[in-house]
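Note that the chains take the letters A, B, C, D, E and F in the order they are written out, and that residue 1 is the start of every chain.
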Amino acid sequence: MNQEFLQQNLKNPGAAAAFAGKNEPIAPNVQTFLGCDKPFEKADTVLFGAPFDSTTSYRPGTRFGPRAIRGESFGIETYSPYQDRDLEEDTAVFDAGDLELCFGDTNIALRQIEERVGQILQHQKRPFMLGGEHLVTLGALRAVAKRYPDLHIIHFDAHTDLREDYLGATLSHATVIRRAWELVGDQKIFQFGIRSGEKAEFLFAKEHTVLQPFDFAGLESVCEQLKGKPVYFTLDLDVLDPSMFPGTGTPEAGGVSFMALLQAVKEVCKLHIVGLDVNELCPIYDPSGASVALACKIVREILLAL
Amino acid sequence: MNQEFLQQNLKNPGAAAAFAGKNEPIAPNVQTFLGCDKPFEKADTVLFGAPFDSTTSYRPGTRFGPRAIRGESFGIETYSPYQDRDLEEDTAVFDAGDLELCFGDTNIALRQIEERVGQILQHQKRPFMLGGEHLVTLGALRAVAKRYPDLHIIHFDAHTDLREDYLGATLSHATVIRRAWELVGDQKIFQFGIRSGEKAEFLFAKEHTVLQPFDFAGLESVCEQLKGKPVYFTLDLDVLDPSMFPGTGTPEAGGVSFMALLQAVKEVCKLHIVGLDVNELCPIYDPSGASVALACKIVREILLAL
Amino acid sequence: MNQEFLQQNLKNPGAAAAFAGKNEPIAPNVQTFLGCDKPFEKADTVLFGAPFDSTTSYRPGTRFGPRAIRGESFGIETYSPYQDRDLEEDTAVFDAGDLELCFGDTNIALRQIEERVGQILQHQKRPFMLGGEHLVTLGALRAVAKRYPDLHIIHFDAHTDLREDYLGATLSHATVIRRAWELVGDQKIFQFGIRSGEKAEFLFAKEHTVLQPFDFAGLESVCEQLKGKPVYFTLDLDVLDPSMFPGTGTPEAGGVSFMALLQAVKEVCKLHIVGLDVNELCPIYDPSGASVALACKIVREILLAL
Amino acid sequence: MNQEFLQQNLKNPGAAAAFAGKNEPIAPNVQTFLGCDKPFEKADTVLFGAPFDSTTSYRPGTRFGPRAIRGESFGIETYSPYQDRDLEEDTAVFDAGDLELCFGDTNIALRQIEERVGQILQHQKRPFMLGGEHLVTLGALRAVAKRYPDLHIIHFDAHTDLREDYLGATLSHATVIRRAWELVGDQKIFQFGIRSGEKAEFLFAKEHTVLQPFDFAGLESVCEQLKGKPVYFTLDLDVLDPSMFPGTGTPEAGGVSFMALLQAVKEVCKLHIVGLDVNELCPIYDPSGASVALACKIVREILLAL
Amino acid sequence: MNQEFLQQNLKNPGAAAAFAGKNEPIAPNVQTFLGCDKPFEKADTVLFGAPFDSTTSYRPGTRFGPRAIRGESFGIETYSPYQDRDLEEDTAVFDAGDLELCFGDTNIALRQIEERVGQILQHQKRPFMLGGEHLVTLGALRAVAKRYPDLHIIHFDAHTDLREDYLGATLSHATVIRRAWELVGDQKIFQFGIRSGEKAEFLFAKEHTVLQPFDFAGLESVCEQLKGKPVYFTLDLDVLDPSMFPGTGTPEAGGVSFMALLQAVKEVCKLHIVGLDVNELCPIYDPSGASVALACKIVREILLAL
Amino acid sequence: MNQEFLQQNLKNPGAAAAFAGKNEPIAPNVQTFLGCDKPFEKADTVLFGAPFDSTTSYRPGTRFGPRAIRGESFGIETYSPYQDRDLEEDTAVFDAGDLELCFGDTNIALRQIEERVGQILQHQKRPFMLGGEHLVTLGALRAVAKRYPDLHIIHFDAHTDLREDYLGATLSHATVIRRAWELVGDQKIFQFGIRSGEKAEFLFAKEHTVLQPFDFAGLESVCEQLKGKPVYFTLDLDVLDPSMFPGTGTPEAGGVSFMALLQAVKEVCKLHIVGLDVNELCPIYDPSGASVALACKIVREILLAL
């Protein structure tokens, strides 16, 4: 059998190893995010997708986010000239694929996410979730907050997400940070880039969170303050300007640039990140694919910076 | 003031009347389905939209169906050469607009629909709902079945929709006819055009419903049998072949033609229809607009045939 | 009857009031721009659409602009963190819907617009028109200039729009500011952001208008100079860079940013604005919806700044 | 110089000939419909485009039709297995490119078309116009009717196009056949495939034209009757079912199939066709390109059948 | 560890088994065509993708075909009401994923395909390839013809694909059946549904292949004749009418219906099929997804019929 | 004959002249880039298209670039306010249309390009090629380097393009600058804006080329250094940020702005440019048309600056 030919067609060494002993000439189709093909045991970070958008009230479709990110990741390189690091050499990530979540019953879906994150934490690994709508963060936070009582949250977003309820539902993309606040308490949530919300939400933020509107001003001193503490990082990609990231359900003009986000992300990743997610990519709204490509690039940069 | 000019810009005589007494030169923007502008009291049918797709597991977007149908209806004519009737002369329909439904909590959304249908029935009018995903039918059925204990259901669809549960949820587009069966009982549901489902669903149908796969064979004798009985008519537009109706979440090759559907619909509308819906239009998947236009045309033909 | 349910489904208090006395449980479908639901008598500004693009020579479709803006406005918030003001609390706007304009006979269409603006002015209200192609501005200007002899015009655009005629037509999107100049005379028109035109147009501008190419430099001093004078403000959205606003017929690289436009618009709105329009949104060319969302946001900011 | 190389890169023998004498190695870029590259003098048919859609009230874009047909024609073959004939061997067609028409002033545009058709007729050649919206037919008809007093018209369409006026305009895509009737008189127009119109239009047709709704029934006997008489053939492509031809502004379900149209077209082309047009292709609404490809194929079949 | 949860998230039993022994709670992301998750050793058919379209001269994109088919297959059911069979119960298929083929050097790419098919045949399994452009068939045929000297080919297509060379290349989607003929000789290739080609190709077919234009007439007797002989079946999906299958590079009006194709495919699959492929799906040209869904359905029906 | 009418419909004076002597009223359809209609003999620059993308491994479609640029160029003006120059007055360019290149055999295609560029150089004219994928540059470079032994290359791009081979092919869009280096040698290639590549490529660049990552820093001094030397300028448009230029196969966040590129291009065009190309526009990925419009504008500015 042509060994070279086999190797060429196997992107996942783990799978290759599994099948090598059995003298299998043709391996099954294992698909991971670019370069995230370490075996589970050797990984320090576990990537997985949470394709859920059931509470999205405006324009749905973020459910297609994780699949798009994984599939299109092969359009970028493993090497980053920004950090001079390479996914294949400098990271150890296992990609567990997408959860198959319940649509229409939010409680079940959140419980499924919480269980998955719990499993990952139990193996002392860092969960890295790809959304999905922003509500998926709540499932992850419930598991992480259980393990890390003094949890802090860094939140990049265009929207406050601080409503008490939305269209009659308390579990919603528009309420997720409010629910997060119920988990971690006052002054534990640090919000950046915010430029949309109800008046009442901004008033709530004044009392209970630390909110920087429009940009990342003050991020450095926040990071200084959080050094050594367990931090969950949730990145709603609509914090970016829609010119750079049109592929999202609720584009909001006046956002940050990719370069500003890249700088901020590198800053945050120096902290003790115990869990994180990247969410709200909605591929269908950007036929150019530039939004998916950008999401892939940010995920790569985060993995390299962690 | 230029009276003619005013008239020209008012599509809703009801609204015009309401404002005439107040000597208002400029009327507000009242939008209805083409020709469905009778005052509520004079209407025998009440049209409304149920823009909900929270349980859609595959490709969402039917929430945009009612709005698209209403907006694009002005691209067709009020007159039908198929029936030689005209919406403006031969119907009395009030368009109540879209409900604002809860996303992410299916129970709340179904209750909202049930209440709206109950209101309409209470005024001795016929509810005509535009979906939305197929699950919205359940909300309407709950109200209709309460009022008409001997209710029968005619169901056009590509899919059986007879699952016991789907991805952990019992309230789902894939279970709606199973839930309907729980309301009305055995041999009360007549399914046509079905060409997709699990093996178990087809077995269930054999015992509990009357299922005609692929086409409308036998419809005439079913209609004969149902004459005079209260019938709810639910039309999942994906019963059509995707060539004619690509604008739906789950296109299923091998469907019926528009002309066959038109013929079947005219047959059904001769019955005692006490409620009905047209659902599963997902405009975003058909950029040509042909699917929306077809939906508008079918709604027109139904209104003329009722 | 469930009063709460009714309220929840009524976005237009005016309509609600109209029907309350008649004990109607179900209201008709009144659609307005977000928060622009004041009764006509109480409004100081009247919004309306002019869906016309008959002279567009390159890529048509701005006729769909007003409808898109109105429909998608519910995707943004009524509150602006930029101005700390709220549409529901701080404005009094009536939305009169779209005119139904003649296609193919430009003279008739312009007369229809002129009549509508005349009606609004006659009631001492400020007309705010949503285009449509830029030529619709001429219809509005004719009515406004009649009422305000000393009218000045502030014009944001990528294009000079100063041709004498275009493809044989003197009434054209490419000639609208030239026609405006015929109405108001020399040095009354202030053009900003201009980066495209024929050589002859730039030469014409040198003699007859005040033209600032590429950006908003000098806007502050112009506003200083116009203080107290009646000003018509016409905003061609293609003044924005296509990265931020691809949804327009003639995208022209090298435009201003959203934040720059926001700043400039706030400046202009401090003046005595007696009429205004926002035009040239062509939704079909931006499937992401970001352009429509931006247009909604700019309309909101203008309404809050007026 | 490499003669073979040159030949390979020249699609237009006429141009090649023009430059051969000058020993020019590199030819200008002459673009024609596939195989329509005969010199003007040797051609019996002259193809040209009329990219105009100014009166389109619903969805514009047919202006892009001629360019799309010409450009995409190279995706089909010159040979037809349906007729066993070949464009290169069996036809003599000159392609004059597109007219540059006035937008916004319908009278000017129609006059431009009339002049062009007049020129072609003057050279004893048959004009074959590619629309554009259906109104362009009127420009051509005016020139043809002048030359052929006993003109008959065969009209394939989904719509009657028999309105007296539309939105205030007498020159409109919706009135074009009414205007044609004014030119040629009673019982000279034969309409097929019609399935949409106002009641009044159908009543008008009963008295003044010969109208076959829905299909081509009776075409054969009409052709029998018209043998030897001068006939203008106008083909509105929306006569096709939208499943086969979604790329049009007003898709109307229930149309004819491609095979039925092909059969009918071959029948008509046996007559004495003194002018003809194919119109209402709107490429933008069919991203698959199937509509453009079908239009190219129908144009090829017509050219081969003439 | 939650065993049920694990099961729910594992679609590939083979992978599950591989990891079960290692006590791994979280499995890697194995993606297969719906229900094609048997271990390699137990499979009788091996599915794989050949994402190549380098010689496509008109509109590229079939390289995305296999990935789309695999990904969207989860939108259809494993059960077929047409055959009353189920992928999970009635088939044994291993999905080996996509080859990573060389772009720009056709010889290398064809060799890669030939090697893969050779490997599969060596294990006495049936190769089932998903294209890609039609040229990929040649790579497979080279391996299959080596093993089965008396090979016959059944070819469904809109195009003859019988050119000697195309734009200077002898290896091209337009020449693939000519190259196949060089492998198997005269009267071994049976072509159905053909409706496009050069005159010379049709003449070639008359002498060297059996060609049925336009439809499947005569298929039954051909199948009778081929009973027991080794047959390679190549299905170019553009044999379908573009109304049903717009998602292809060269849509050709006048094709067969899905129901006709289904019938024909079931007929062919009764033969001794030693290799097969389905090709020319180009997902990008059909935003409705109906073409991909149809391709998935045909692949399912073939797998069930084999 | 109506001379004015004729003039109005002729965009190409050269063609007009050719036919004037023959007293032909109707001219053939000559299509050029806006204002590039000088006769070949009088031109100093010859524009032509190289519609090839056979080695594109990720997302194909740049083959449609030249046609889109030529067709859409009529949407911009001939006059540039940036340089106060006009294409019609200040340039002498002949547009030779597109080559018809071989797909699937890269060697043939490159040879075709090399021959065409050789022809142009032989006539002492400057070749200006519109791609196509970046590999087409190699064909041009082979001809140019033969004529100018001391050739230098200025290269704007997001990607290094310095691989030794890619997926088994040495001739690939990803290897083109490596192949260029083999032609011209060390320190002759100046790369700007680079932000993606393999680690090995960046290491290669350190030794053999001059590479400025991310932006145009240092361009001025490079231009100083190259004054008077023969320079080939190759502009891969993906050097732009995807927000401004989404219409490309491999969008790479973090690019330069249009204004920065314009500035850089003007700088480069002051040099002794002996050949140049603009490549990697892939129109299909940007439905707004903004990318094509930007490409047209850059081509115009380059032509004016040369």
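Here is the rule we use: a contact is a pair of C-beta atoms (placed from the backbone, for glycine too) under 8 Å apart; a residue touches a chain by one contact, two chains touch by 3 or more.
It should be emphasised that the depicted structure is a prediction, and the values quoted were computed from it without experimental measurement.
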Given chain C and chain D, the chains that contact each of them: B, F
Partner chains shared by chain D and chain E (touch criterion as defined above): B, F
Computed distance of Cα centres, chain D from chain A, in Å: 54
Centroid distance [mean C-alpha coordinates] between chain F and chain C, Å: 39
Centroid spacing, where centroids are CA-atom means, of chain D and chain F in whole angstrom: 37
Sites on chain F at which at least two other chains make contact: 100, 241, 243-244, 286-287
Category of the chain touch graph - line, ring, star, complete, other: other
Chain D residues within the chain C interface of the complex: 53-57, 60-61, 63, 100-106, 108, 135, 167-169, 171-172, 284
Footprint of chain B on chain D - complex, ascending: 58-59, 194-199, 202, 213-214, 241-244, 246-247, 250-254, 285-287
In the complex with chain B, residue positions of chain C that touch it: 1-2, 5, 8-9, 12, 14-15, 18-19, 24-32, 40-41, 46, 48, 67, 70-71, 94-100, 112, 115-116, 119-120, 123
Chain D-touching residues of chain B, taken from the complex the two chains share: 75-79, 81-82, 86, 241, 243-244, 258-259, 262, 286-290, 293-294, 297
